[in-house]
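Please find one structure pasted underneath; my questions will follow.
Chain naming follows the written order as A, B, C and D, and within any one chain the residues start at number 1.
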Amino acid sequence: MHRVGIVGATGYTGSELIRLLSGHPQARITALVSRSEAGKPIQTLLSHLNGLSLPTLSAFDPDVLAAQCDLVFLAGETGFAMEHAPALLERGLKVIDLSADFRLKDPAQFADWYGKAHTAAAWLAEAVYGLPELTPTDAYKNARLIANPGCYPTAAGLALAPLLQMGVADPDGIIIDAKSGVSGAGRSRVSVEYLFTELDENFKAYGVEKHRHTPEIEQTLQAFSERPVRVRFTPHLVPMTRGILCTAYARLREPIAAETLHAHYAAFYRDQPFVVVRPLGEYPATREVYGSNRCDIGLTVDTRTQTAVVISVIDNLVKGAAGQAIQNMNLLLGLPQTLGLPIAGISP
Amino acid sequence: MHRVGIVGATGYTGSELIRLLSGHPQARITALVSRSEAGKPIQTLLSHLNGLSLPTLSAFDPDVLAAQCDLVFLAGETGFAMEHAPALLERGLKVIDLSADFRLKDPAQFADWYGKAHTAAAWLAEAVYGLPELTPTDAYKNARLIANPGCYPTAAGLALAPLLQMGVADPDGIIIDAKSGVSGAGRSRVSVEYLFTELDENFKAYGVEKHRHTPEIEQTLQAFSERPVRVRFTPHLVPMTRGILCTAYARLREPIAAETLHAHYAAFYRDQPFVVVRPLGEYPATREVYGSNRCDIGLTVDTRTQTAVVISVIDNLVKGAAGQAIQNMNLLLGLPQTLGLPIAGISP
Amino acid sequence: MHRVGIVGATGYTGSELIRLLSGHPQARITALVSRSEAGKPIQTLLSHLNGLSLPTLSAFDPDVLAAQCDLVFLAGETGFAMEHAPALLERGLKVIDLSADFRLKDPAQFADWYGKAHTAAAWLAEAVYGLPELTPTDAYKNARLIANPGCYPTAAGLALAPLLQMGVADPDGIIIDAKSGVSGAGRSRVSVEYLFTELDENFKAYGVEKHRHTPEIEQTLQAFSERPVRVRFTPHLVPMTRGILCTAYARLREPIAAETLHAHYAAFYRDQPFVVVRPLGEYPATREVYGSNRCDIGLTVDTRTQTAVVISVIDNLVKGAAGQAIQNMNLLLGLPQTLGLPIAGISP
Amino acid sequence: MHRVGIVGATGYTGSELIRLLSGHPQARITALVSRSEAGKPIQTLLSHLNGLSLPTLSAFDPDVLAAQCDLVFLAGETGFAMEHAPALLERGLKVIDLSADFRLKDPAQFADWYGKAHTAAAWLAEAVYGLPELTPTDAYKNARLIANPGCYPTAAGLALAPLLQMGVADPDGIIIDAKSGVSGAGRSRVSVEYLFTELDENFKAYGVEKHRHTPEIEQTLQAFSERPVRVRFTPHLVPMTRGILCTAYARLREPIAAETLHAHYAAFYRDQPFVVVRPLGEYPATREVYGSNRCDIGLTVDTRTQTAVVISVIDNLVKGAAGQAIQNMNLLLGLPQTLGLPIAGISP
């Protein structure tokens, strides 16, 4: 039984980690850290966790965590991990960071998109960007620090990597039109615009001019393209809680049959238990992966405009956050990657 | 490993059984029956089950089921079980029926509320009404046929049984104002009034004059009251998919402190892993048990009107249907009743 | 053309007043007051008002309002009106207050339920509680100050007044189980529990132990009953933005046919353009009055429990707030009460 | 007072016409036609219209309509208008058709995308495609038959016409990623996939391979481009009832400043009361035009990928159907085009 701790336990990704890990056959939650709520049973804050036997919330203390845990998930806001992960790593803990701190390899790019200097740049080279279906398995060997991908980069990366690898699309000017449920905004975004009354029965774009996931998507896709990748990424907010659907468009450099493209995708993901390439003519809906760690993909070729259209769906809190973090944990610990992770979606 | 079959696999309760059982450590799904869709892989109809390894849909055949299974869940429409369960029972199968066919002990009452004669009345005496927290444990011993309770009767029964047992409330004229997500209507209710556009952003009562769960609720509560129980039951439809909240009102025959009532409830459910009596002053929300087999209860005493107010919540497809059916299966098979069943709710 | 001002223009009821009044043939908005946003065009805050020609937001100044307006709507938080309405009234303005400040006739009761002393108690006697269908028409003659009813008291009062007038029900222990969309909470309730992610796909009760609308409901109903009225009022939150459905239960003192009760309601509301008593067997849904100033009512008698069941629906922001305020304005100004008010609901 | 009739009165666009026209100061509804429900008061089917005084539903009879009306709205399914509009036109009635029958100028294109031959091709030349902001005012003079645009073509046309007119974008390979509330599917689409339980908390694409609005969008945009226009159009279904948001992407042929583009849009729509070009940096949300006849537009230039991004929103049942039809009626009858049409959106 591996002993795991969760820092940032009361946020949406933190509590989703708790829910999923509480059913994991090889992991036991031994520490729950919340800086603002230390000392309380977590169920006094999060009633949906009633009935589970869990440690009381505690303050963040690297020495205590080192004594209690083998591995720690960091589910805090951007900036926390680069400040505190080194202390955990130095004490021999394995760390899986769900924030953006260790995702971009280039600290200058981090500074550019996140508006602050990276304070733990020395660890960037060692950090493994853990998108299991696209990350070489070798990378997990001896890894100590995993950067868990963002939700949009997960959906977009899985949608487009096979296409770019194939080399038939123009990697410059790819359009990624993504739609997300509101939980992606987290539990601490308490402002008028996130009130129920403002978002219910409403649909809108946000971050249109600049969104921090853009360079992360490009970094992921660049590994599959010889020519420079440039994406136009527009996220939208859907009046629902969970789910991301990503509609990606790439101009084709030469005609290609939808069947050929589909066969390539099917082969690319053949051995991946969490990616389902849907039959030609079928496109996934977010509800089909609600609560699941799957990513389902549908695609076609629009011959009128010579455009490849690829649609992917994930649950932003599972495959887009907590589920993928557990998948990374499994790989890090040498366990079967599917262990303790739901395959079926919850529907209706 | 127990071999189980599901008849009516493509409906909402059927597919929820599949989802939950696919993670059960002591059960293996060996047969999926759908009369209209036999021969197809179920995932061609229900994409959220992608990635699971499941038997192909087959036609209903008692002999085949007897060869393939130890236990069969019947998740068909009212009328199917009373016609077909006997054939399964006679072949030595254990049967858990999720329809209403074997819930009411009195066939005359069945005829009165369901508008047709009961055709397997001989089995009514043997059928065990399986609401585990209210059904004597002995009843499961040697049981072969379980009548799985309705969703509203589960929520209302758990809310009111302790109060009636206490003997302080007037059992005549109890008011049960219940609110349900739409999935309770099932997947075959295809008519204009169940379209998204008709129910979204809409709230209404239905079955106001007569609802079939009324006698079932009364039958359950009668076991806890010496005087005749009569309830006024009004169900409502909430623009959400899952969840039931039941607000029950009972006139008190004598003043009683909220603390006293609360202590009685806490004691009543002390050993029940799936019932959480919330602290005084706290009331449950449906989302807190979304996807969970729990029932959470909050209560107070309104001293201005001498009324006990009890609020209970369940997930209608889990504790109100498939989850409770699996809890019944566990009890029937001598397994721990919590095996394979989720405790935590999914939130957000 | 009557010149009207709105104080508290940027809240949900304030902006709904703007929307409705902008189409009123006999009223012109001449002042929009917001204490926190003075100086800005309101459309920079509320984009749905784009395209309307409206005054810029200004600070609250009684002298300026007296120069600009004939009548002022106060749509601020509780406490504002009792502090500031007198200054407006003394300057000859007519005032319609949408807050709770002038609703309860008894200042002691106000202090008890609102937790603070009433600072303008001298005006309580003169204030007219304006629920047009239940308030005597004479009351509007020479009136200067209207207390616009609360949303729940409007729905509950219209549902129960005819029943109590008939004298067949027990006025002690009436149960009012009400369900509301979230907009009733207003735009300034910015906290975690009102986030989209916390309320979506969720249903819960609130204010179970004590809700401020209880004495207002009793005061309204008492006018129709010789014996003391006592209600048990439980509000619930529905995952939708607009609409209230009120399910009221009253124990009958003598058997009465549903037809008789229905005929009495039909007669009671015969001349009321905004109340529709639905045919026997038909019950209203909130969507049917979405955006409308109507209140629709359905009813039955449960002979098993001798209970009258009455269901009413309103749009909480229209008949439950801004629409009713305009109806009151029409009556105050001697205009037809339906002027400028929508009858049809918006559906789907 | 102009006398108007509505054929297809019980569908979503038909009943929206009724709601909006019932408040129109220069039009009176004199006929409501429903082939399946003739003889019934419409309120027995559509309770939200309670309280309105309306003609009883009647069968379709051109002679009767000619006697009762000056103008007829056809709100039936595709195919009805091309079969029946000629009979109305020949009797001197003006006709506004909300179906697709007279939108495409080329009958071969109609046959290609709608899968049936056009049976009234002789009228195609005379029919005016009435998207008022893009249709020359002259076209309404002496017009008898108006083809009311589709919902997506309205949103996409208004979003892209100024850009194409400017000549800076590549007209081949424009990407239109559109998202719609469910009411666009209409009231007669009664199948499992449109049930509340199937669409709630779900987001998906549909018509990915081929959608009938594609040629209509291209026809509209072609009028503003010298070079051939080709669009890749992907519609999606949002779990809400009303509203369309269209995100359009066009590759720029030369660098252009966002300010320049914005100034062009502002000038293009300067005199249009129903189009609001939002300030740079501001993007519209569907809720802001809920129930309104407005179209709001926001835009930017992505200099990293040389892409113009234009976002437009409409209410699909108002500006996308019934409201635009009334705007067309106003223009046809020489009335101010804004008469009887809501400008403000309904929010929250």
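Points worth noting:
Everything that follows uses one rule, which is that a contact is a pair of C-beta atoms (placed from the backbone, for glycine too) under 8 Å apart; a residue touches a chain by one contact, two chains touch by 3 or more.
Quick caveat, the model's predicted, so the values are computed rather than measured.
Path length between subunit A and subunit C in the chain contact graph, taken as the least number of steps between touching chains: 1. Should one ask which of A-D and A-B has more C-beta pairs in contact, the pair is A-D. Of all chains, the one whose CA centroid is most distant from that of subunit A is C.
We define each chain's centre as the mean of its Cα atoms; on that basis subunit A and subunit B are separated by 36 Å. Distance from the subunit A centre to the subunit D centre is 39 Å, each centre being the mean of its Cα atoms. For subunit B, the set of residues touching two or more other chains reads 12, 183, 187, 197-198, 200-201, 239-242, 284-285, 287, 290, 348.
Listed in rising order, the residues of subunit C touching subunit A in the complex are 12, 182-183, 185, 187, 189-192, 194-201, 239-241. Partner subunit B is touched in their complex by these residues of subunit A: 12, 15, 18-19, 22-23, 46-52, 183, 187, 200-201, 241-242, 273-274, 276, 278, 282, 284-285, 287-292, 294, 296, 342-348.
Across the complex, subunit B meets subunit C through its residues 172-173, 175, 177, 179, 181, 197-198, 200-206, 208-209, 230-232, 234, 236, 238-243, 245, 247, 249, 251, 281, 283-287, 290, 298, 300, 302, 304-307, 309, 311, 348.
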